[in-house]
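Below are two complexes that have chain A in common, paired first with chain B and then with chain C.
Now for the complex of A and B:
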């Protein structure tokens, strides 16, 4: 009896996961593996050579710097936005909350275009700045603007629900003791938000590292000046230098894995937001 | 599991995370950290160029000039550059990228810059050789062994041939290719003025892939698209010299020699760098630079170097854009009047 049931039982249990793996294999897992297989095809020395070129080094470093700065800027801006929308009651609060989340819905290429049309030398504001010698787009500043715009909702999205759900008692106690809004934020809210700030920053960092659509519009794609790693990959691939493109792609993929790993450990492991909230 | 051990594991994990992030930050910022004893940052020249020029400039001409400049002045020069379709480059310059020198695939794009007041009309013609940097004819690249028996542009119009062509909207090379195709049918056939239209229609019926630049079209062809690619001879000759050529080169009986203007954009050059940029532009027409272009598959504009064109094929009836009355006329009479206004609508595109 049990002998005849076992295979069917096994099939019932393992078939759906099996199908899922089969679907994911060509869509997700095999392409990712292809990057690494291709990257090592010419031997490790070729891979290292491709990475050591000044252009590749610059692109990686530039991308990392932009990602760090974006994470920092949005740590402050996103938290501020979350705080204002969570703790203050004012007319238009709801719509402001929607506006803040808008970048999730807008295609990144549109973000790039809109930045160009505002800040570019022919843009609505840019045309008045150009004679003064101020030109944000086609410089690292332009790239940073695009990244802050595109990744804005991530920090906000993590911090806002935490602020909403945080029990008001501690906050109220602080106010009763005569603490100012800033003191309350600094000493009561901020420590409770630490885990969220960290995962929000990592999320922002990871998205900034891979941003392409908006960057390609506003950067001018200048090697050694404004070419980020994703732009480098695209430019090298288009020029037929697949080995160069692939080496940097492999590094980006590895970095993303590392960040993702940290993110999972952080939000799932000890000291996660859920546990903190319960404390 | 004691709580002490788990606390230790947590601390260790936190420390590792922080060390990882700090390491990343240090790596990223390294070249910009103010470490004593580091050389002063080099001076820069910003060059935007059309797609196929990339390797010749990055690997040969830029380093050669940097070396010469350092010998002469002791200063280091770094080239900041971007290579893409000529139309793309021109659009970017119009939008305000900080290009100090733009090297375009065709003079038409230079006119677009002067029309918008970025540079003075015809300013590039004051440079040597009317501002034309080098030349290269348009040829056909076919698969190894030429399995479809393609010997001239006319063969590309045969049914069943798949052609890869760059996009005339963004690629200068595509405009050259259209002029080459049209010219090859009309030259020497005054009795059949509409032969150009018939050939273009036939070829464009067979176009299976359009890429934004000649370089990108080449990549598409190498990735297995199509039976034939219409492209600059330079690309193919350069790869053949390096033993990297996949495919065979077919020289049409009659084709155009493309010529590529150098446009200096004074308004985007800081005055302290003007002499440096001028020295670089002058260097472009030196024997040394022109020989580097030949090594990279271009034909030189300098008649004195004509004899060094080994490995280049012979074209029975080459023509230049001036034979058609210049680019403004060719654009109006061929690209616009024939290709855009007739061929495209007839193909329903």
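Now for the complex of A and C:
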């Protein structure tokens, strides 16, 4: 039975997507557009000037550095956690798996607060460290700690299912051939995880780049010292320098788009870069 | 010997997956472990490789005890069903992996790799990646990779399981040739008997974690020792019946029991008849052939050059069928046979005779311990001890009246069995009327001894006890409490055939127990033992001597036989009483009956031998 002649068929087919676009327009698409419109309002020269200011320069570079370091740290930590929880059988394994994922559920401001209460000058550990001249919070180290904490589940979440899915026989084959656990990890597991590591790192990087809640608590928002790009945007906005805020925001948005684009291409959309696994 | 497995045992949770597997492999041998999925064969293989840690037992590879060694240090080559070829490495890198781990230099690695790719007929494909290869080719890569570092032992886990039929045959032949050429001791695991026949120098048949039987393919097929191997390896007809006069009687024919498979009188013997050993003739067969009976074809399967037919015959009395498994509701005897395809099977009736047959080794005695829904139950620990002592297997039969109770009972019994850690015990639960289920169980399997408990106080014979004694098909052991010793057996005998049965079965138990026997004959007061009685006692003693059982004769006088037996028991020189019975089994527990009188007045464990045993 063909009803392609039915004029109502078109409406039926295009109504739901139309509604979706209408809903998303004010929620997602228009705000994104607004950033660029505002950023370029005063002309390109103003945009470049806003970016050239030392504070903006620092904030952007600092954010990129922190995001890169966070991705690196979590590449190791997250993979290690995934390996341990996927391959070892021990009591409390299940609960540890939940704990590792906890940062996704906790509001980032709470993460910041908790770090302050532990490492801060009056914190549980911090109060003993302060007399020794060690003070992790309000320093780049504190910012890194917060970012590692908040983005930890992303790497883990990508690598763990891959390890679970990879049949144990690959490792066992390596063992019988004489490879130690480390050699097996290095030569058999790690190459198989390459794709996951890359997308996990990109996810971590993107989240770290935009991290605000925990950073604002832990960094102390010190300009030219611990101020990340999102903090800079917020500070400039509050101070009324909307043009400065917008310029950096536009750069962040572009970076995010780029990462997002790579991720989609990588993880198997049309024209995926990843080699298809042969069966 | 290059591989020695010594009582290898592995439990996973509560399940005994590998149960005391022992075997020795010769250098260069191809050994096939054949069994259904879940029989524990793969676990054995993985234990040899060190991928699974055994709970107990030993693994020795080339004289070196590796039971607790890491897989890396064992020098085994393992080929998995799913190939497990590393996907991010080229074929060459895969083959060289083991050598690279061993730190061999590139030129040597390359030379060895070329040699192996040549061996598995993949020369020139070294630069390919696994996803560019077919399944068969990937498995060849896996084989080359496992052989590259010259392992002492090659282990293959269902290596052809994931391949299509054509590739499988081809690769099977290739494997056989490669294995011969390399001369590496090989263990291959499969569920496919054709594969086992084609590849194995020897085949080990596994069932329920046990290595049931080991032998060359031909001897396993022609002369298996166990019924499992007989049925699992190849197809065939297996019939069970009691041995009388040194042969197994099936209807009108008697199959003599060969000296190579000794059986005790009255013990069940199992005979295997392969389909090609069944002769079918229209009309009457030549005189002198062993004709089983006349039957009709109920099933026919075309198989190219030959056809398989299944015939249904009238069921000879006293015979049970193990294979082919009769469908529910079928009471005729089923026999499978092969015929050339051109033979027209459409005849109203066929004479079925046997060209040849093979008598299986006498099985371990089977005990049935009855656990009724109410009343006393035989102690599981004591049952296990008895089973251990007479080298028997035990079925704990839980009887329940409804489903909920049945599942609780099953869990309870299973728990208790697990606690004993004894693999001789298994559990069966039946739901429904106690007497009916007891009869059904005895109909379905032939037991050597049925154990039932009674109350400890005198006369404590309850309904279950009565139901078991009502019409037993096997000797019944009635126990009051845990028997402390079973070293002295009293056999009460009367002249005549039932007395003979009591002596045989009692002697059988005594021999298994390693006990001494006292033969008791009760006379009326004032009577003398006549020649008939004396001859009977002399023959009984001779029979026991032939069974390697030491015995002494006691002749006593008493008002009634029961009185005489009870008086003798009261001397406290006996641990177990064996009683036969003259009357047909039906009236066994009439109150004036000897066994019942003894049962009611004594607390010793008593074995009651049914009069018409096995018939």
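One rule holds for everything that comes next: the second predicted complex is superposed on the first by the 262 of 279 C-alpha atoms of A that agree within 3 Å, B and C clash if a C-alpha of one lies under 4 Å from a C-alpha of the other, contacts with A are read in each partner's own complex, and residues count from 1 in each chain.
Note that contacts are C-beta pairs under 8 Å (C-beta built on N, C-alpha and C of every residue); 3 or more make two chains touch, one makes a residue touch a chain.
Please read all numbers here as calculations on a predicted model, not as lab measurements.
Superimposing the complexes on chain A yields a three-chain arrangement in which chain B and chain C fit side by side.
A count of residues in chain A touched by chain B and by chain C gives the higher number to B.
In the superposition on chain A, A:122 makes contact with chain B only, not with chain C.
Of the two partner chains placed by superposition, only chain C is touched by A:167; chain B is not. In the superposition on chain A, contact of A:258 is made with chain B only, not with chain C.
When both complexes are overlaid on chain A, the residue A:222 reaches chain B alone and has no touch with chain C. When the two structures are aligned on the shared chain, A:176 is found in touch with chain C, with no touch to chain B. After the chain A superposition, the centres of chain B and chain C are separated by 150° when viewed from the C-alpha centre of chain A, nearest 10.
Legend: residue contacts after superposition of the two complexes on their common chain; A:238 is shown touching chain B, with no touch to chain C.
In the superposition on chain A, A:135 contacts chain B only, with no contact to chain C.
The overlay of the two complexes leaves chain B and chain C separated by a minimum Cα distance of 12 Å.
According to the touch criterion, chain A has no shared surface contacted by chain B in one complex and chain C in the other.
Contact residues of chain A toward chain C in the complex are 167, 169-170, 172-180, 183, 187-188, 191-192, 194, 276-279.
The part of chain B that touches chain A in the complex is made up of residues 6, 10, 13, 17, 20, 24-25, 27-31, 46, 51, 54, 78-84, 92, 94-98, 213, 215-216, 218-219, 222. Of all residues in chain C, those touching chain A in their complex are 49-51, 70-78, 80, 82, 84, 86-89, 97-98, 101-102, 129-132, 142, 145-146, 149, 155. Residue ranges on chain A touching chain B, taken from their complex, read 58, 60-62, 64-65, 68, 116, 120-122, 126, 130, 135, 137-139, 220-225, 227, 235, 237-240, 255, 258, 262, 265-266, 269-271.
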